[in-house]
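Right after this note come the structures.
Two complexes are shown next, each including subunit A; its partner changes from subunit B in the first to subunit C in the second.
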Partner chain A sequence: MFRHTPLRYATLILLFSGAVFQAFTGDYYGLEILSEILILAILVLALDLVAGFGGMISLCHGALMGAGAYGFALLATQAGLSPAVAIIVALILVGFIGCIIGAICARSHGIYFIMATLAFGQMGYSYVFDAPGFGGDDGLTGIPRPDMSALNIDLGDSQTFALYCLAALCAAYGLVVLFLNSGVGRSLVGVMHNEVRMRALGSEVWKIKAIAFGISGMIAGVAGILLAQHSMYVSPSIMNWTVSGEALVVVILGGLGTLVGPIVGAVVFVVLKHQVSALTSYWHLVVGCLLIAVVMSGSNGIFGWVETQWTRHLKQRQSPRLAPRSEPTSHQETVKDA
Partner chain B sequence: MAPDFGFWTLQTLNALQLSMLMFLLSIGLTVIFGLMHFVNLAHGALYGIGAYVAATVAGVAGYWASFILAPLAVTAVGLVLYTGLIRRMRKSGPMAQVLVTFGLIFAFLDVTRIVWGDIPLALEVPDLLSGRTSLVGVEYPTYRLFIIILGLTVLAALALILNRTQIGAMIRAGVDNDAMASCLGINVEKLFFVVFCIGCGLAGLAGAVAAPVLSVTPDMGLHILVPTLIVIVIGGLGSLKGAIWGSLIFGFVQTFGAVLAPQLSSMLIYGLLAAVLVIRPEGLFPARG
Partner chain C sequence: MLETTGISKSFGPIHVTRNVTLKLEKGERRVILGPNGAGKTTLFNLLAGVLRPDQGAIHLCGSDVTSLSVAQRAKRGLSRSYQKNTLFDGLSIRENLGLAASIHTGNAKSLWRDPLGRPEVRQIVEEVANLVNITDQLDNTVNAVSYGTRRQLEVGLALATRPSVLLMDEPTSGVGPEMSKAFHRMLNDLPRDLTLLIIEHDMDLAMDVADTITVLNYGEVVFDGLPEAAQGSELLKEIYLGNWENA
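What follows is the complex of A and B.
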């Protein structure tokens, strides 16, 4: 199950204050990047919930994000709902879709699970691309941001919007932690470690997986809605499987199954992307090599590596006579089970 | 419009041509997985490199030189990959393998951009195979017929090798139970190496063959990856029979879907994949019974 260590708290506080600092001091470009980081962080948080705590490596989270974005866009523009209502309806819808995908894929494992989610994601992508009413390749434009003028908040301003995204990320993080500490969340971790045992204990494994996937989908939907509101435009390309693949890369770079790690990964990924893109157009080469290096190093991403070093350091200080023995990271356990 | 006999023949040939292309790609990937449980997502990238090498060589030395050189060049790239990366990844789990090869896709994408640029390349069909041939009442491009014949030839050759020769028996034993095969004195590691090279060569061949039909772009390897995975997952990972049937199913569903139900065509194959995974999670022809 998920526990907050002092290191995790410290990193969270650091990340939060960094975001607030950036929101109040950054220029327009810096604020846009901040919003991009925050939206990506919500998406990878959703992915980490199923991948890091349920062993379900999903390649359809980009499509779920897109479902949220398109659902919100259609409800707010064509159905004429107010943005606040549209957000709620869209989230319920995405959660429902996530639940169904999770329930159907619950029987598959490992590479078959990846392929099954890929199939569902690409199905949604093709549907949105071809079906009338979704704007095809051109996407949908004119998506409104919620009107909060009653609270004297203007979301059209990029600083306010960045803070709005930050609030959404905090809410999403809180929801994930609450879920992981609930009975279903603990069962989910149990299912990841030993599905047969959980079944023998009387758990309905498919239900646990479906609920987790639904909640994860809902959070991915939040990212989608924010993305649509941020650019006020939604294109089918966000539903392509490469977006899900990139989200998975961010989770791995940050540290699978640590919740804090993927957020760190999102920061590193977006900042690096903009820095490298300023220097050269070969950004994919850099991220590809980085990914290979991180996986081959055997550590659980950037944050996982920091955590291992930190616990080793603590142990050496506490009991210098005992030989340092590193605990197996959750990443290695996942690899064994996958 | 009442589809007549010629229409069906034409579409069947189109479907067969696509199936054969997919077969060339998927057979290597599936045997690599069957033997070593190694998921090589970079297989599509190797196909892309094959197409680029073919386009370059054909510009200098003609099509037939590229037809020979492209598979060899891709095998060489595969060798480098094998010694540098894949051999070290053998002990790690599927998740790490998927991620490392996913990273390779990204890297190859930009390497091809650096070497060959962003502009799509085109490859001329050789004189011998240009034009059309009439076949059971329809006029069909000769080059596409050539793809079908080539695919069938490779299929026959592989079937012969796998079913009739000693090395084929060793590969089948390795796929069936690699631990037992090693106990019986088969050097499974060496076998894997050979199969890996042949798989890379076939991916290069597929690239060279596909280059005149499709345009050669940096992301062609990325685009072909998902169809290839669909083929081997529908057929059953690691299964030879599965690769054949998977390619045929893919080719026919894609082609006839596009003509008969254009609105649904792109969803159809994913729906089929999802259905197969739900009903028979191991694929239609699982490698182990």
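What follows is the complex of A and C.
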């Protein structure tokens, strides 16, 4: 089950403070990067919900994010809905699509689940690419940001938009925590640990997976809507499987099944991308090497490694004479926590 | 309470269960005996809904459940424990029992409420933990407790759904003599209105707990009667109980 440890609270406070500091001190470029980090953080949070707590490794979250972006774009630009209504309708739509995908894929596991989600994602990508009304390869432009002038808030301003993204990330995080501590959320963790036993206890496993996937899809949809509002443009490339793959890399880099870890992963990934790409166009090589190092270390991502070190430190402080012989890996501890 | 009518199951040319007819009354405690490969676990899988019979029907509380899934049968009051521990290893014992209790009480369907904090769930957790003697281990993770405690939890999980029929596949499998005695006491302390169907190799436990005994051999029922009759049966001594009197 998911638990907030003091270290997780401290990291969350640190991340939040860092984001607020950056929002109030950063220049235009810094604010754009901040928004990019926050949007990616929402996407990886959605992925961590199903992958880290339900064992459902998805390669269609890029497509779900794209569905949110396109849904919002079409409703706000062509259906004539106000951005606020378009957001709500688009999220319901993406949640429904997520539910359907989750329900259909519920009986498959492991590599077959990954392949099934990949197929759904690529179907969505191909459809948006080819079908009329989606703008083809050119995508859709002129996507509006919500009008909050009544509250004296101008979302056209980079700083305000970054804070708007931060508020969305906080809401998404709260929703995920609330869900994981709910009956369905706890059942999802039960399914990940032992699907056979959950069935034997009378649980309809496919429904749990479908609901979890729906909520995860909805959160990925939030990321998509923010992405569309951020660039005021959406193209089919955000639905490509490589976007889902990149999100998975970020989740693993940060720490699968920790919620906090993937947010850390998003910060590291985006900062590395911008810093290293200024030096070389082969920035993926650096991220790849880092990912290999993290995986080979046996830790559950960067945050998992920090948690392991912190736990070891606490144990040594409690019993200084007993040096730990073999510490469990961070991943093992995380699974225990989950 | 639980009735099978001529159920059969084959895997290719191998007949694993042949025309098995059983009738368990409410509160009855029946032990199933049989040598390895007799089809005992397959029979449990048929009863629980993991496998579908090729022929025959299964009735639970008067309703035909032959075509129902595992989860649907569980909701109707059929629960089982496994020969090999089938637990939620990364979770605490309290969370394990809480999951089962929340499914039974319907709290597992909530999208916002924490089921483990619900009084009805906590009550079931406390009661079951007390029944299987793991109250002092509630906050330990399953990975961190002994094998015997896991066996107790295995039964506890099945009990936490408040079943009317409980299938127990070798509950004392792999435990020592002391723990086996504790299991005897635990089984005897279970509510008398709970119908029990137990696969067991421990003869002492079988004779101690059973109201009736069914013996399977090559998938067929070869004996169905009282424990005293089973003790005197030459057929049973031949196929299964040969070493029992000397044990």
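As a working rule, the second predicted complex is superposed on the first by the 320 of 338 C-alpha atoms of A that agree within 3 Å, B and C clash if a C-alpha of one lies under 4 Å from a C-alpha of the other, contacts with A are read in each partner's own complex, and residues count from 1 in each chain.
Going forward, a residue touches a chain if its C-beta (ideal position, glycine included) is under 8 Å from a C-beta of that chain, and two chains touch if they have at least 3 such contacts.
Just so you know, these numbers come straight off a predicted model, no measurement behind them.
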item: Fit or clash between subunit C and subunit B when superposed on subunit A; value: fit
item: Partner chain in contact with A:S203 - subunit B first, subunit C second, else both or neither; value: second
item: Which of subunit B and subunit C A:G190 touches, first, second, both or neither; value: second
item: Touching partner for A:F179 - first (subunit B), second (subunit C), both, neither; value: second
item: Vertex subunit A, arms to subunit B and subunit C (CA centres, degrees, nearest 10); value: 80
item: Partner chain(s) touched by A:G110 [first = subunit B, second = subunit C, both, neither]; value: first
item: Partner chain in contact with A:G245 - subunit B first, subunit C second, else both or neither; value: first
item: Contacts of A:I211 with subunit B and subunit C, given as first, second, both or neither; value: second
item: Shortest CA-CA distance between subunit B and subunit C [superposed frame, angstrom]; value: 12
item: Residues of subunit A that lie at the interface with subunit B and also at the interface with subunit C; value: 335-336, 338
item: Of subunit C, residues touching subunit A in the complex; value: 48, 69-72, 74-75, 79-80, 86-91, 95, 98-100, 102-104, 107-116, 141, 143, 157, 160-161
item: Residue numbers on subunit A that touch subunit B, as the complex places them; value: 57, 104-105, 107-108, 110-112, 114-116, 118-120, 122-123, 126-127, 129-131, 241-242, 245, 248-249, 252, 281-285, 287-292, 295-296, 334-336, 338
item: Complex interface listing, subunit B residues touching subunit A; value: 39, 85, 88-89, 92-96, 98-100, 102-111, 113-114, 222, 226, 229-230, 233, 237, 263, 266-267, 270-271, 273-274, 277-278, 281-282
item: Complex interface listing, subunit A residues touching subunit C; value: 1, 178-179, 181-184, 186-187, 189-190, 193-194, 196-205, 211, 335-338
